[in-house]
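Note that chain A is present in both complexes that follow, paired respectively with chain B and with chain C.
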Partner chain A sequence: MRKFPEYFTFWHIAGHYSLRFSAYLVLVFLMLPILVIVPLSFNAEPFFTFTEGMLSLDPDAFSLRWYQAIAQDQKWTLAIWNSFVVGIAAAILATGLGTLAAVGLASPWMPFKRLITALLLSPMIVPLIIIAAGMFFFYTSFNLVSTYPGLIIAHAALGVPFVIITVTATLTGFDRSLFSAGLSLGASPTKVFFDVVIPIIRPGVISGGLFAFVTSFDEVVLVLFLAGPEQRTIPRQMFSGLREQINPTILAVATLLVLLSIALLATLELLRRRSERLRGTSD
Partner chain B sequence: MVNIVAKNMDAHKQQAGKSQPFLVFDNVKKTYDQKNLVVKGFDMQVEEGEFITLLGPSGSGKTTVLMMLAGFESVTSGDIAIKGQSINRIAPYRRNIGMVFQNYALFPHMTVAENLAYPLSVRKVAKAEIDSRVVASLKLVELDGFGGRYPGQLSGGQRQRVALARSMIFEPTLILMDEPLGALDKKLREQMQYEISRLHEQLGVTVIYVTHDQSEALSMSNRIAVFNDGVVQQCAPPAELYERPSNAFVAEFIGENNFIDGHVQSISGDQAKVVTPGGETVVAMAGQGLTENSGCRVSVRPEKLFIHPTSHDHDNEVTAAFITRIYVGDFIRYYFRLANGSEIIVKVLNDLSAPEFSEGQDGSLMWLTSDCIAFPV
Partner chain C sequence: MPEATSVTPDGLSREDARNAAREYRSRRWRAFLFVVPLLAFIGFSFVAPIASMLYRGVYNPTVASLVPETLEKLPSWQGEERPSDEILSIFALDLKRLANDRTSGQLAEEVNRALPGSSSVIKSSARKLRRVDDSELANNGAAILIDANAKWAEPEIWQALKKTGQVYTAGYYLTALDLENDPDGGIQRRETQIYVKLYGKTLRMALIITILTVILGYPLAYFMANSSSGTANLLMVFVLLPFWTSLLVRTTAWIALLQTNGVVNSTLLALGLTDAPLEMLYTQFSTIIAMTHILLPFMILPLYSVMRGIDPSYMRAAMSMGSPPIPAFLRIYLPMSLPGLSAGALLVFIISVGYYITPALVGGTDGQMISNIIAFHMQQSNNWELAAALGSLLLFLILALYWLYDRFVGAGNIKLG
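Entry: the complex of A and B
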């Protein structure tokens, strides 16, 4: 336990502990709904509550049947497949476009910088339902509704702002004289871009790409509007699963998603450390 | 093409008899905002193998000149030519000019060896030759065995050596350095000045060096171009710059100088008779553009002034009131005040003859005509 300064009165100490207590309370409030899902997904019974057997830690009360159910249900396997295909394709598209946009916006000669930035970031601010409705009417005239390309483009548009933000953040630490140095050594601007700029901003590019992937992965509003039955993604399937087939399969899927989120968060943190290390060496 | 040839022939005619200079700036002007000229008619000729320093206060346009030469800034008007070839229309990465940046600009994600190899691999040099040249280059800057380190694992001085080596490894004919030692501490700076001079002599490469540190410029250069306000005030070898500054700015900027306001009474030959505010008459070398019956400033360096009584020769003498003296080790600096209130500094060797004064006491300051110059105001 930490030692308090000697001038602390009773009220100082009471304040310290009540602040701590409320901080923990908020944490529990945020985490409990997520954590409670995990044991429930191993429930041997088709219920959403803890059975007596589970509470007494009886091994027979736990099972992997809901995980098997995912693998056997064609709707779920299609949804998982769709989520990854759409998510990865949208992330790649968003990463490419977002990186180019960020590099262009970082140039001192870029005109209308603020206006263009605001436009590109607008998908983060404009309510999703408006974007979805707009896209729906726009896409019908191009026959893109209920197609993979349509959904991928829509999700890429949502992911671009994240890529722009993360890449811009790494670019602010980018020393422009490195670019000049590359030119002075005889490399063409394109070569310098790929040999020098990209490797240095890579952590930002990758984390932007991961954000774009996650954005697509848990997006449901655009999917409701733009996807047909063939393009159902995991969140969309969970949404109907909640109403049609009430059983813990959905909890098993949710647990898998939590695991995926943890993996992604860990990756982001590693990237952040790496970029800090690189930044530290550049000056 | 025809144009370039015609220009070359023109240049050739002007230079009849003399060999063509390596690098020529011909009335180069630069504006960033289309209103103010940052560089106003820059003219300079550089011979192959010379070490030229651009010296001037911050904001005088030195970096701009270097950037135009390297191709990172466009030339507003005028021409820059290397070996008679205008380079205005050559892309920066085709100019084959080496550059050392103030902040080193080493690629942080590449090892030292990879940094050095980069300009060679860009030029498609064979792998085996790249390896041997990298090793030789590391040896040249005394960093053998550091090839595998990342720039972040080197000290400031070591990074600067790598930056130097990288700018030279592809054998450019011209190397530009923009305040390359600005970020180093004094001791390291002196050591690197020596290193750069050594490499310049050893490789015979032409160097254009930019600094605002005059001692650096004086100790390293063949010639120094003193820059102010976008114009070259004087371009001359260090000793000439120090001994015979061509105007008051150079006299004030290079080394320390005292200025005594006065009025030109008469000019005969290269000497001018000047009346000081205290009514004394002194004789000074006449600076360029000095006219009779007009105001002037007589410059005289603190180490050329002597305090009465002195055994040194002298032609001029003024009276000034003692203010204070400051002990600086091997020298003592005396501060005097002239009749018009301006201060005068005298540098006296710290020996037994260093005189004692009380505050406000008058002293006589003496110097030679050949040690002072009268510049027009």
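Entry: the complex of A and C
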């Protein structure tokens, strides 16, 4: 039993426990849907629900057949390939341009800072369906619809805000006199940028790149409108699977994606700690 | 000593002031140069497409480019009876050309939107005119056209043609607001209200989702903010993992949970709480619950980051002086947590107003939102102009909310993780 301060009445203690109870309840609500799909993906039957055998832990009720189905279905393997190609290319594009811009935005002399920041962050706020409608009209006239470059620049535009946000966050503690010091010692601005600025903001750049990658990897609305059958990505394949023929292959893919997000989360946490250590703001 | 006249109010000499101003300008330029590549990229890939969509909502050259000769003559027509034989003959020639180019279907589709039923009139007439000789059409086009379909003798279809022939039109925006032009040139409400109702429903659903995320997110954020940092970090993992998990995965999970033979129904049946499975999937209910789940981290993260900065001794002080927990919370803690609350609520509301995927997958017919009808007009009914007009209205709504967000929270202050 926890010790409460003397002035605590019954209501304070009741409040404390009901708060704790409701907090855990919300956590269950957050995690349960994700935890449920993992065992369901090992279902031996083509259903989206637990069978009797699964509930009694009968080994025959579990199988890896849906994971094999992914590997054997050419649509899924193409989708996995596409997701990585488009995601990595879009992340590189967004990170390169976004890092440069974030360095400019962090400068105290930057003109129209508020307006430009709001503009560069707006792809995060504008509904995807509107972006998709606009891009479809516009990209058609440049023959970019149903091509890889079209999808990559579309996804890069969506990733830009995340790069701006993460890199700006690393730059807030950045000592600008380091830049002047480099220049005064005779280095060119480019050399100072790559040898001084980049190493310090690297954790922010990498996590911005990861955000941009995940944004592209998870995106489906633009793919629905801008991609042809050749550019179908994993979420696009899941979308049509959920609409047309629901089978546990989707759950197997979903489980793999959950594993991927755990790996990503761990990477980001490591980067955050590293960044805090480098900037000396660790708490 | 410089003379008094060459000194600026700052006490600098003219030359120093000029140099300082030049240095200031050049630094501004240098900072700006860093942003130029990205601005150009975003301008092409993002801003220009959206601007072209806004334009498309008012600009519709399709009909005008299909039957240019006819539309040149139509303005002189008063619109009460059918146009003159001359205009009919010109149109007959235009229509024959379209029939031979196989583009009469486009005209049929466009005019049909203004006057339902015109599609078959145009298509069947086009088929009949294809074999008629040009010179015969030029001389006797009006009779041949009316012979092909008697509707051409009535003014309605010509009014529809004239209306769709306008290159610049506010018609799609009016339709998107459930308004239409009345015959006298004024604006009146349409008989069937579709889109305003749908906007209303979308805003209502977004509001419900926002309120639910506050109800669920606030206690958890409060609990985390007042735990030891070890516990808080551990709990944070359980908030961030769903946040980082693909939204398709989370939507899939809700389908598995809520379907007729799904996990929730099986559990309810096994516990004897219900006799027959509940129909929960493909309703407004399933859309709201799945979106609440998906957007909950967007509420928790800003709330938590504000609450972490609130000194717990304020609450302790209030309670040690005899305040019961609820009044202490309402008068001390809640006002201090408002910045996080408003940031989270605005963010969740903005995102949910424009949501597409989850309603499309779990919403059925009842849970469709405005984004879904925009997609419908793009994919199924092929009415891109109406989709653009509906999208523009949604965009203005979102931009107004974004402006509010920027004013109260600051767009640059969005935190991730």
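The rule we apply is simple: the second predicted complex is superposed on the first by the 278 of 283 C-alpha atoms of A that agree within 3 Å, B and C clash if a C-alpha of one lies under 4 Å from a C-alpha of the other, contacts with A are read in each partner's own complex, and residues count from 1 in each chain.
The rule is simple: contacts are C-beta pairs under 8 Å (C-beta built on N, C-alpha and C of every residue); 3 or more make two chains touch, one makes a residue touch a chain.
Please read all numbers here as calculations on a predicted model, not as lab measurements.
Chain A is touched at more residues by one of its partners, and among chain B and chain C that partner is C. When the two complexes are overlaid on their common chain A, residue A:65 makes contact with neither chain B nor chain C.
Of the two partner chains placed by superposition, A:75 touches none, neither chain B nor chain C. In the superposition on chain A, contact is made by A:184 with chain B only, not with chain C. Residues 283 of chain A lie in contact with chain B in one complex and with chain C in the other.
Put simply, chain A touches chain B in their complex at residues 175, 177-178, 180-189, 191, 195-196, 199-200, 277-278, 280-283. The touching residues of chain B, when paired with chain A in their complex, are 70-72, 92-94, 96-99, 101, 103, 105-109, 118-119, 122-123, 150-153, 166-167, 170.
If you check the complex, the residues on chain C that touch chain A are 24, 27-28, 30-35, 37-39, 41-42, 44-53, 56, 216-217, 219-220, 222-224, 229, 235, 237-242, 244-257, 259, 261-263, 266, 293, 296-297, 316, 319-320, 322, 324-326, 350, 353-357, 361, 371, 374-375, 378, 384, 387-388, 391, 394-395, 398, 402, 405-406, 411-412, 414-417.
Partner chain C is touched in their complex by these residues of chain A: 5, 7-9, 11-12, 15, 19-20, 22-23, 26-27, 29-31, 33-34, 36-37, 40, 47-50, 93, 97-98, 100-101, 103-105, 107, 109-111, 114, 116-139, 153-154, 156-157, 160, 162, 165-166, 168-169, 211, 214, 217-218, 220-221, 224-225, 234-235, 238-239, 242-243, 246, 250-251, 254, 257-258, 261-262, 264-265, 268, 272, 283.
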